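Here come two complexes built around chain A, the first alongside chain B, the second alongside chain C.
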Partner chain A sequence: MNILILLAACAGLLALRFVPKMNILGWLVGWWAATFVFLRWGINPPLPTSIQGMFLAILTLSLLAYISANSAHFRFALDRAVAFATEKKYTVALLVTLILLPCLVALRVYFDVTEGPAPPLSSRTIHPPPPVSIEVAGRTIDLVNDDNPYRALETEDPAAFAEHVANGRRVYYENCVYCHGDDMAGDGLFAHGYDPIPANFQDATTIAMLQEGYIFWRIAKGGPGLPSESTPWLSAMPAWENFLTEEEMWDVTLFLYDFTGHRPRAREDHGGGGDGH
Partner chain B sequence: MEGETVIRNVTDIAIRVAACRTRRAVRHFSRSGFLSCVLAACLGVAGLPLAAWAQPAPDLGSEEQREAGRSLYMDKCAQCHGDAGQGDGVAAPFMRPMPRDFTAGVYKVRTTPSGQLPTDDDLARVIRDGMPYTGMPPWPQLSDDEIRNLVYYLKTFNADFSGPYGVPDLAEIPDPPSFSEASAERGRAVYEENQCFDCHGMAGRGDGSSAPTLQEQWGNHIRPADLTKRWTFIGGATRQDIYRTFTTGLDGSPMPSYSITPIEDSWALVDYVYSLSQDDPDYATAATARYAADPVDPAQGRAAFGEGRGAYFPVVGQVIESGRSFMPGVDGVEVKARYNADEIAIMLAWHDMSAETTGENAPDMAVPPTEQVVRDTVASVWSDAVAVQFPQEMAPEGLPYFLFGDAGQPVDLWFADLASGAGRSYVGRGSGNLIAGETDPSVHATYEDGEWTAVFAMPRDERFAEGAFVPIAFSVWDGFNDERGNRRGITGWYYLYIEPSERPSPVMPMLRAGGLTLLALLSIVGLMRFRRRTSVSA
Partner chain C sequence: MKWLARRLPAGSLLFLMLAGMTLVAFWAPDAWAQDAAGPVEYRSFPVVGSRVVVWVIAQLHLMFGAFVLAVPMFALTIEFIGFRNGDKRYDDLAHEFTRLLSVSFSFTASLGALLTFFLFILYPRLMEYLVSIFDWTFMLYACVFFLEAVFLYSYYYGWGKMPKWLHLLLGLGLNMVGIAIIFIADSWLTFMNSPNGIDAEGNLLSTWDAINNFTWMPINIHRLIANICFGGSIAAAYGAYKFLGAKTDEERAHYDWMGYMGNFIAIAALLPLPFAGYWLGREIYAFSQSLGIALMGGTFSWLFIIQAVLIGNLFLAANYYLWLSMERIHGAERYRKFTKWLLASITVCFIVWATPHSLVATVEEARAMGGSHHPILNVLGVMSAKNTAVNVLILTTYLSFLFYRRANKEATVSWAKTGNIVQFGILAAVVGVVIFLGVYGYFVEASVRIGLSIPQVGLVLFAMISITIIDVFMFRNARILGPIEWGKIPNRAQYALFFIAITFAWTMGLMGYVRSGIRQHWHVYGVMRDTSEHAFTPTLGYAANVVSVTVLIFFAFIAVVFFLSSLSGKKQLEAEGGASP
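Then we have the complex of A and B:
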């Protein structure tokens, strides 16, 4: 969000208030222009042009609805349009419009035809629902009810807990850092070569809103363990059960939370588990 | 070029470092000794503050600042640089170049003469901006205060920072004059006179004759910079950065400091290096295969594919399956393609420090899982190789796994071992399940000035229909880096667009759209005028 642009758009609308003899058509144009400016330059990172177009189309329709909802407004707008199309003093402007509009449309078509088609886009589901349980090294792990077996040490035996975190740190920097980055922001050395990009654990929408069992599932089964709506064939996440022990995977989960300062999402069912304190 | 003196430092790192240390001592003696003697004699009484002025005390920060730096260091840096700053953290064995050993007090990126310590700002800059395409990431998320505290802590690792050399001299780094093509042209001669090509190669691709044997101070192999990829320069990519890098050298590495006079020649060299590459890699998401009616002649190499740079894709290490490659030898591949009614030809070009054309390679060679470390010796038994991969069929449920396919959806792999130069095809159902394919591609590969160019030609099947976006992925093996089988550089899925042979003319659609708009406008205006006239006459 670019606050300066937002303020400028609001100030522009406010300024319209002080224009003498402002009519309803002027207001419509003002609103349309202010929204366009905000959508085009006011949002960071920028919206895709197709989304901008959708918003502007909705706005145009609602402005038309607004004008036709009030018969005085509608009458006035219609009169102005008829005057523009028929009165002599507008002849030049009318001719210019009649020539310019078709030319603009033709130009748009020219760009569409010569630009060439874009590669197909594939959509994917992030954070798909996890399975109820998984098999790791011959052991069944209940993702719904089992918690990180070492999480309880945090309060019961802080020294042992610190050792598990330290082991997780070693595992992370030997294995994960190349993609997920030194600061866990998903910007490691190889991040630019993979699509989807590696998860950013600092971000509030990844590990902070997931339970540890979910993280364990993603680590153990990796990209190949994703359901098909999450494009398992594109993900570069290895299935770490092939490289790491179960303890190492739980330890690195502890380290992800420890390093970023996030807490695992609390369990809804018995409301305590790992919630923040 | 008469009347110009060009001084070239010895490249032997040990000799150079020793020489620099002596020079530093000599200069320091003359400064502190001579200056303070003369000035103290002149001013007599003000001895104590004057001595402090003649030799400013190094800024080592407060106890609290160093302590804050220490805790930040243990949190963010020790994983690679080690708890005691010796460059031996848990991630260190997987990295080339190795993480810096702070206890040595030797730093690459400095605004100070070779052999001297860096300034605080130099250290802060590397922390903030990182060293691209190495294990050192940028840390823009740290505040200026945090970075300063880190710098104070780094300085505690080496006693020189608090000793008489703690305040280094500043190298003179002038503002750059504006870039000119003529200067860049002249810079080529400066590049040759100074034998930069020994390491960096004739075309600047980091493939000089001594490149395979270069070692940094700690005995590990280190690759010279590929000067045609400015975005990978560890000391920064601006012209001033390039000037600073070669005038102050990269201490601890074989890159010496150069003093090239007159200064116009220094800037000519800068301009030449600058002219070798564009600003950024400009990574693509699709390559385009263009139609050309004449038969493809792979022996023509790049010339068969027309002018201009092809689509450039990033290559990263295969770190997903066993045989992980943490520091692949190749970081990008350029792709061009063409087709006619019967054939499709794809050109792959990539920079490689040295061509390994002996030994053998194959995509299904086993790599022992214990072999995890980047090697430093030059005894290659594996040849360079390259492969292109396509889905065998276009399935609606999605693509095959990008690592040589999966059991459900196989891929076609076109592979070339660059020792024999022969093409082979495989059908992949996962990296553990590759079987020979039916038709082998014809391959023509050449290595010149640090660049491999490999052209694959195959009969064109229905996958490569005009207008299609065909998923495509690449693998590159650098034999020098012990890459074979699963140890390799890879890309994810990208696209190869088969550009239709007849491009539709935009004129008809333009006329149609413009005409329809005009017609609509005219009928609205006409209707309004008609109604108006009838209402007025009525």
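Then we have the complex of A and C:
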């Protein structure tokens, strides 16, 4: 966050308090401008323009609601608008506005058409839904009902569990580190060459929100095994089932959680009847 | 039109219209050309395809059904209030609400019949399978629907023509039967999402287990509450429609009150609705991680962002209406100064509620962020933040209600100051703890984080109940600062009521599609694959367009319902000489 910009926006709003005869319209414009400045320049790294637009739209709606939720304010705003359009003292300002508006639109069009070529915006979904089951080395793995077969060792046999984690560490640093990074933040040596960039496992909103079967599925099937919905995925992740054993893939899953300190999402009991089909 | 309306029941008109369209559509020889002798798995529907036609009719049937099942719930409650306190205004209002029912019931039945025909004609294999699972429940449904008609028309036409206790009993029966209808129909559709009571090949083991599947009860509860919201908002829109066309002050006062009551019912039911929705989502995730991720993290997650925008708008519009409503109350000026703080809270919560987890960004923007997650906004995109935002949003709306309730009252009890401090203390403490739990959620494992939503909800309910109880006692024998001048409200408040009704309908259509669509290429998830040409999941834009067109058709039909209802109401109002609160 850029504290200087934030302070400048706050100072601007504070300064409005000392402007004599500041009316409600002035306040609304002030709030809108201060928020715009903060969203545009006050957050680092910058917010995507799509999000800036959405936040400003919500703010605009709220400000319009504020002014029209009070009939005195609403009448004042209408009166000022009518006065601006009809009173002689505003003729110059009105003319300037009428000329400036199409000029601003033209300027926007100019910037749009002179911008360099860029790939289109993509609303990529991050968590592809896994299938009900997958085949790995001729064995069917039930992603809905099966757990990591070595997870139970964590409490039953901690020494054996530690061996699996150590094996997972070896697998990770032999295969995954180049893209996902040595601290698993998705910033490995090759990461800059990919779009989308590799997943950041340190982030509390990635593996910490998923069950281990999901992680296993992503490792085993990689980019080629992503579902046909919500394409293009553009993932460069290899299908590791072609290079690793099933045990190695479960072990590296254990290591991801062990290293980051996250816990996998546990399966929950349901309130419905029966045990499923 | 008036001549036609008098001579033909509205449902018959609609049925004839839709049947005519169907006949024309099937008239095309191509539509039938593919059918060979022998068992047919699918039949096609020209132009829009079989999926879209079933989708639109099912959605329209559901919307009318929701309205018809919801109105008796609050009509009965209002009638009971009138019966208890002897105030005829409540009885008149309840009667006016039920006036909307008779036309709507015909529409619901016609659309239901049409949906059944289309399903059996266009999806015979699926329907054969569902009948094999739910055979006797279909018959039970038909019987219960017949009972619904008996109760509904006896309740409507028997108004004022039988002892009140008997009429109230009829209303109770109507509601019981209505709830049974929705519970039976829910079992069929939830079975398609989360099948149960069958073996690995899909053969029936237990019909009861098939009914009592994983998502049956969450959907039942969610729909019951949502129906009340929806019904209340449509009834409020009817009040707004009548208000805008009112000729006299009495009419304006009456329909202002009607709009207010409808909106009060809608918003009161809206407050617990996110909790019910969260429970449903949680059950879907518990049934299948694949479905859960498709729902909220994958293909359909962008529709949740649209839903968040719609619900944020709903809360904003609901509060806006309340603030404008306070202009008709003398003494409400004392609470005006709080509007900007309430609005600030709503805006911040709205922004958090609508922030997506993965952002739409150009390649340069994504590279600057280090991925599609923004390092700061990232934390706002997950359920910990959103649960917290919606809880605070609910408390803010509750606060607007509280100010409205107190607007023209001044407490006279000796402990008024202490009462206010205690109320503020409860509110501040609950908001603080709700925010703390939201932040704490980032530091614990997922299953614990999900569990935190329960104390958050519990605290919000505790705050609303305890503050209301204190308020009731504190404002007993309160000094009244001035009257409520019903009818003296700006027209834009009525447009807010239209906006709320349309937004409810849109949200229902959108989320109904999400609930159904997460099955993707399955008719019955994991059991029966959709092998038709429409097995693919449509693009989000296409789905949003179908939902939007359906909402437009629904409101075109609702306009007919309003028109026909006001024809019968006109005669009655003229006979009674108008009634105002």
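One rule holds for everything that comes next: the second predicted complex is superposed on the first by the 186 of 277 C-alpha atoms of A that agree within 3 Å, B and C clash if a C-alpha of one lies under 4 Å from a C-alpha of the other, contacts with A are read in each partner's own complex, and residues count from 1 in each chain.
We adopt the following convention: contacts are C-beta pairs under 8 Å (C-beta built on N, C-alpha and C of every residue); 3 or more make two chains touch, one makes a residue touch a chain.
Remember, predicted model here, so these are calculated numbers, not experimental data.
In the superposed model, A:Ala81 lies in contact with chain B only, and not with chain C. Residue contacts after overlaying the shared chain place A:Cys10 against neither chain B nor chain C. Once chain A of one complex is fitted onto chain A of the other, the partner contacts of A:Leu100 are absent, as it touches neither chain B nor chain C. Contact with neither chain B nor chain C is seen for A:Ala152 once the two complexes are overlaid on the shared chain.
In the superposition on chain A, contact is made by A:Asp195 with both chain B and chain C. Shared-chain residue A:Ala160: touches no atom of chain B or chain C.
With both structures placed on the common chain, the touch criterion links A:Glu174 to chain B but leaves chain C unconnected.
In the superposition on chain A, A:Ala204 contacts chain C only, with no contact to chain B. When the two structures are aligned on the shared chain, A:Asp187 is found in touch with chain B and with chain C.
Put simply, chain A uses residues 119, 122, 187, 195 to touch chain B in one complex and chain C in the other. Listing the residues of chain C that touch chain A in their complex gives 194-200, 202, 206, 208-209, 212-218, 282-283, 285-291, 293-294, 297-299, 301-302, 312-313, 316, 320, 323-324, 327, 336, 339-340, 343, 346-347, 350-351, 354-379, 381-382, 442, 445-447, 450, 490, 492, 520, 526-527, 537.
Of all the residues in chain B, the ones that touch chain A in their complex are 75-76, 79-80, 89-91, 94, 133-135, 137, 139, 141, 283, 285-286, 314-317, 319-322, 326, 397-402, 406, 409, 467, 469, 490-493, 495, 497, 499, 504, 506, 509-511, 513-515, 517-518, 521-522, 524-525, 528-529, 532.
Taken in their complex, chain A has these residues touching chain B: 81-82, 85-86, 94, 97-98, 101-103, 105-110, 113-114, 116-117, 119-120, 122, 169-170, 172-174, 177-179, 181-183, 185, 187-190, 192-195, 222-224, 228, 231-234, 236-238, 242-243, 259.
The part of chain A that touches chain C in the complex is made up of residues 1, 43, 45-51, 54-55, 58-59, 61-62, 65-66, 68-71, 74, 118-119, 121-132, 143-144, 186-187, 195-197, 199-200, 203-205, 208-211, 213-214, 229-230, 262-274, 276-277.
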